[in-house]
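Dropping a structure here in structure tokens format, bear with me for questions.
Note that the chains take the letters A, B, C and D in the order they are written out, and that residue 1 is the start of every chain.
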Amino acid sequence: MAEFVPINYQTVLASVIEQAKNTKSLGEVASYIPELAYVEPSKLGIHLITVNNDHFHEGDANEKFSIQSISKVLSLTLSFKALGNDLWQRVGIEPSGTAFNSLVQLEYEQGIPRNPFINAGAIVICDVLVSQFDNPKKEILNLCCKLSGNADIAINAAVAQSELDSSFRNRSLANLMKDFGNIDNDIDTVLDVYIYLCAIEMTCKEMAQTFMFLAQNGVNPLTKEAVVTVSEAKRLNAILQLCGFYDEAGEFSFKVGLPGKSGVGGGIIAIHPQKYSVAVWSPKLNDKGNSYLGMKMLESLTTISQSSIF
Amino acid sequence: MAEFVPINYQTVLASVIEQAKNTKSLGEVASYIPELAYVEPSKLGIHLITVNNDHFHEGDANEKFSIQSISKVLSLTLSFKALGNDLWQRVGIEPSGTAFNSLVQLEYEQGIPRNPFINAGAIVICDVLVSQFDNPKKEILNLCCKLSGNADIAINAAVAQSELDSSFRNRSLANLMKDFGNIDNDIDTVLDVYIYLCAIEMTCKEMAQTFMFLAQNGVNPLTKEAVVTVSEAKRLNAILQLCGFYDEAGEFSFKVGLPGKSGVGGGIIAIHPQKYSVAVWSPKLNDKGNSYLGMKMLESLTTISQSSIF
Amino acid sequence: MAEFVPINYQTVLASVIEQAKNTKSLGEVASYIPELAYVEPSKLGIHLITVNNDHFHEGDANEKFSIQSISKVLSLTLSFKALGNDLWQRVGIEPSGTAFNSLVQLEYEQGIPRNPFINAGAIVICDVLVSQFDNPKKEILNLCCKLSGNADIAINAAVAQSELDSSFRNRSLANLMKDFGNIDNDIDTVLDVYIYLCAIEMTCKEMAQTFMFLAQNGVNPLTKEAVVTVSEAKRLNAILQLCGFYDEAGEFSFKVGLPGKSGVGGGIIAIHPQKYSVAVWSPKLNDKGNSYLGMKMLESLTTISQSSIF
Amino acid sequence: MAEFVPINYQTVLASVIEQAKNTKSLGEVASYIPELAYVEPSKLGIHLITVNNDHFHEGDANEKFSIQSISKVLSLTLSFKALGNDLWQRVGIEPSGTAFNSLVQLEYEQGIPRNPFINAGAIVICDVLVSQFDNPKKEILNLCCKLSGNADIAINAAVAQSELDSSFRNRSLANLMKDFGNIDNDIDTVLDVYIYLCAIEMTCKEMAQTFMFLAQNGVNPLTKEAVVTVSEAKRLNAILQLCGFYDEAGEFSFKVGLPGKSGVGGGIIAIHPQKYSVAVWSPKLNDKGNSYLGMKMLESLTTISQSSIF
């Protein structure tokens, strides 16, 4: 069976990037934050790390970009470690259905967001971090540094400022949840953390390394430390699988077949548990807000290698 | 790593059923169809078949029960084979968000159901079968017989009649989709097929055997015939993972970590690709309409065996 | 004050029709029922009857057209007489908000339609008529004949057949309400009455005469019989004011300032209690489904005569 | 006919208040703002002023209370005068359907509130006032003083502070509209005006006097000045009729039959154009947020006097 044939990932990645280069990217670079719109749209990179610590990459895999919502996996990890299953009193783990529903569902469901990756849910997670840590920003950044093996991970201040200036929608969500009693701290403090997290920058290589713990039963392979337990790692992957792509979670599962998370900076991280972690980057987004070529590259990857979790 | 330790499934299943027997079942037997309410609520069974064709079972694994919505996996399989990816013009592959949304989303999304497992989507699938086959009922039943290795699979006529008498909601959905142009055939004909499928009866053993093709890259292990391609099998599993449990898909993924599908008869089928297929049965349903103890048994199974797709 | 200056309605109507003739009609003739699309789009008529039985008219006021939803005022009248305030257990008296909400609200509000003029509400009213009368069609037609003073009021059979052939949406609504227990009779029987009512034909003159009872405290001026009590007449006018124009009730109140009801045949009836009843007709509908020039004519009427209920 | 019999309003009001005293008030005093909860629940007052300047009153008609949302009629009046029909680019004039829809509809309708009386609409109106006037608070207060004939109208600072401390929902609405580009000014500035308006206090007598201009074709009877034109007065009454009672507009029209506006302080103002203005006060609110006995008193008033606009 396919599983026992050793896959030559370098050959696979070469095909993946070749196909992507020959595919017209139909999306648009994110523009809702002015700073994000300055990125070169033709950037294209992929970096894959196996559980044996073999690295493979193609294209612009060593350039920094804004990881945006991908950081929500890390803030979820920290808050899940801190509160355990009590966390689910504050936020659900169900797909959100359609994008437009965010405010609707939030109102019906009395301020409890459907999952930690829609904006409302990620804001609740930041509220948890503010309650749990003296310096939540530093806590997240430390985790990024440890997991990525790079002490220099930082945020892009211009992106953070740009996001702050256009945060009316998030401020609306936060106030609605506060009205329902699901935000404990000051809204400005919570949104400050939220915006900070989204402005973290990484390369594909750093991103793939950062999320290796989800491919290795919760263990950071660089330090051999358990970031989370085996069971928690499986559960985090399950949440990524069901909720990582907003209104395109089904599409991503169908075509790629791996747990993953996208960001409007054009990055996507995907995990093949017990096999590899892979990060891709291409700035143009499809109309659901996910990287157009990033999804294509991951689809090629699992199709060519005939390997997905399903 | 856990994966390479041979698991003694008989011991695991014994623990699973023991735990279930010691757990108070909090749900209620389905009552919306009078016939379903007659079942003995304490029934409890599990049957697991590995890809090596080893069988394990506990409890009432050899009693027939109404598989209800689990049959929707088979009708989806037939229509996906018939139309290929053109099928997704008619029905989506995204989770439906909340249960209450069914009519709402159907109206917004112009009569295109979110996925093939919500009632509206399953009705569209039946419409496809009516268009594709001279005798769609026989086609499905033949597939059941071939896959289960039992030529005597049949429907419960009293259940079908009971469902027919209380089909106003489904008739509402079908008429709404017909208004949007997404039902080609006569509504009575389509609903007749829909109701027939839901009235199929199987034992846990038959059900586990029937869905082995999804654990074995699309191949029916009894006949070695390819029911669907490798790629199609993976995609069907992806749809089960994302959409198989209505508004509890996230919960099931989080706690069980396998693609699966439930029915209001109290049955659940779950697939561990390349490992096993497992069927459970316990008639009492939780408030989301999924078997209360069935979900508990599957959670025990993947927890004790430390094995899920994540 | 304007009220005490006798208004020369003939002069007013001449201005009204003149203005309408000089206004480009931006709407479209209703096409969802093929038969309705055959009407000559340039038809334009108005007929006003005062409480002193003075008649004034201009344009095509003596041509028959399909009164469509305007008949819902008559079916409401009959069922309100029959059940009194018990009727409001079955249907509300609140505006429906937006058009798209019909199915949404019906689902949330457990099958109780917001008001008797949205389709769902009018179907419930027909269900009441089927329960109350041996021959509800004849009952309504008799009422039309008595009120209009014309024994020959009839339906257009081609319109009724055309509507029957495209009644999937209404069938969806009826089945949903039946599922909630808010339809007592057979759905086909109820929809047959519903479709019959919509196919009634009248001239502007007949329509203005028919609804005089709402301008005269419930009394049919032709027979001096009380159709409804004073209080009931006021309440019917209140429902017309709040719910008579679907999602344009506010606009109609704002610009015209009279209780009224429109139909997709291009007719509108409006009532100035204690003053007059007026019917207008122009087949082209605006995007909310109300007669474009019909609304303009009524706006001119109350503007020129400086007289509305407000 | 009833219209020409002179009505003895003193006798009518005596009956109205007698009936109210003998009716168990089923509602609850508003508690969402702590300060409002301190009011004596048994307060009961009514004051009616005819267009001949005859005054009639019963009960606690000379005690101040928080007029709350009733002030929205005055802010609407000012902004309508300032912008004319351009105002409707910013806010609609349609009933809002159900209460729960506020955020839903606001999201669908791209930040344009359905009408000026739901919270979102009243916030837009305040945004208009901030743009139009150097000191919008003073402008409104001046208008109150002029219309009521009392130079001492003021706000209750404790109520304003209390409202400010619990304004998360309104802040959510304002941010959502700002995201859609429908708030021009700083949100804190706009909400400060909004909260100020709601904290205005009046007696029933002052309130009835204040709104006499809507009963007298736009003219302030104390000064003979036109506050608005005849046409604008009619249009304001139409908006009150359709939108003045949130999700109970139909009920109020059906039972009372006058344009009106309620506030959570337990006050209601109602207008009989060309006849009278009437204010009632009873603090306990029904489950739709309107004064329970206030609505009963107005229903008695129009029932006993057999007089409504319908």
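Heads up, the rule we're going with is that a contact is a pair of C-beta atoms (placed from the backbone, for glycine too) under 8 Å apart; a residue touches a chain by one contact, two chains touch by 3 or more.
Bear in mind the structure is a predicted one, so any value in this text is a computation, not a measurement.
K.L.:
Between chain A and chain D, which partner chains are common?
P.N.:
none
K.L.:
Count the residue numbers both chain C and chain D use at their shared interface, divide by all numbers used there, and answer same if that is over half, different if under half.
P.N.:
Here the answer is same, because the shared fraction of interface numbers exceeds one half.
K.L.:
Express in whole angstrom the distance between the two chain centres, defined as the mean CA positions of chain C and chain D.
P.N.:
It comes to 31 Å between the two C-alpha centres.
K.L.:
Just how far, in Å, is the C-alpha centre of chain C from the one of chain A?
P.N.:
Centre-to-centre distance between chain A and chain C: 56 Å.
K.L.:
Residues of chain C touching 2+ other chains?
P.N.:
Within chain C, residues 108 contact more than one other chain.
K.L.:
Within the complex, which stretch of chain A touches chain D?
P.N.:
100, 103-104, 107-108, 168-169, 171-176, 178-179
K.L.:
With touch defined as at the start, can you tell me which chain C residues reach chain D in the complex?
P.N.:
Residue positions touching the partner: 1-3, 92-98, 101, 105, 108, 114-115, 217, 230-231, 233-235, 237-239, 241-243, 247-251, 253-254, 257, 259, 273-274, 303, 306, 308-310.
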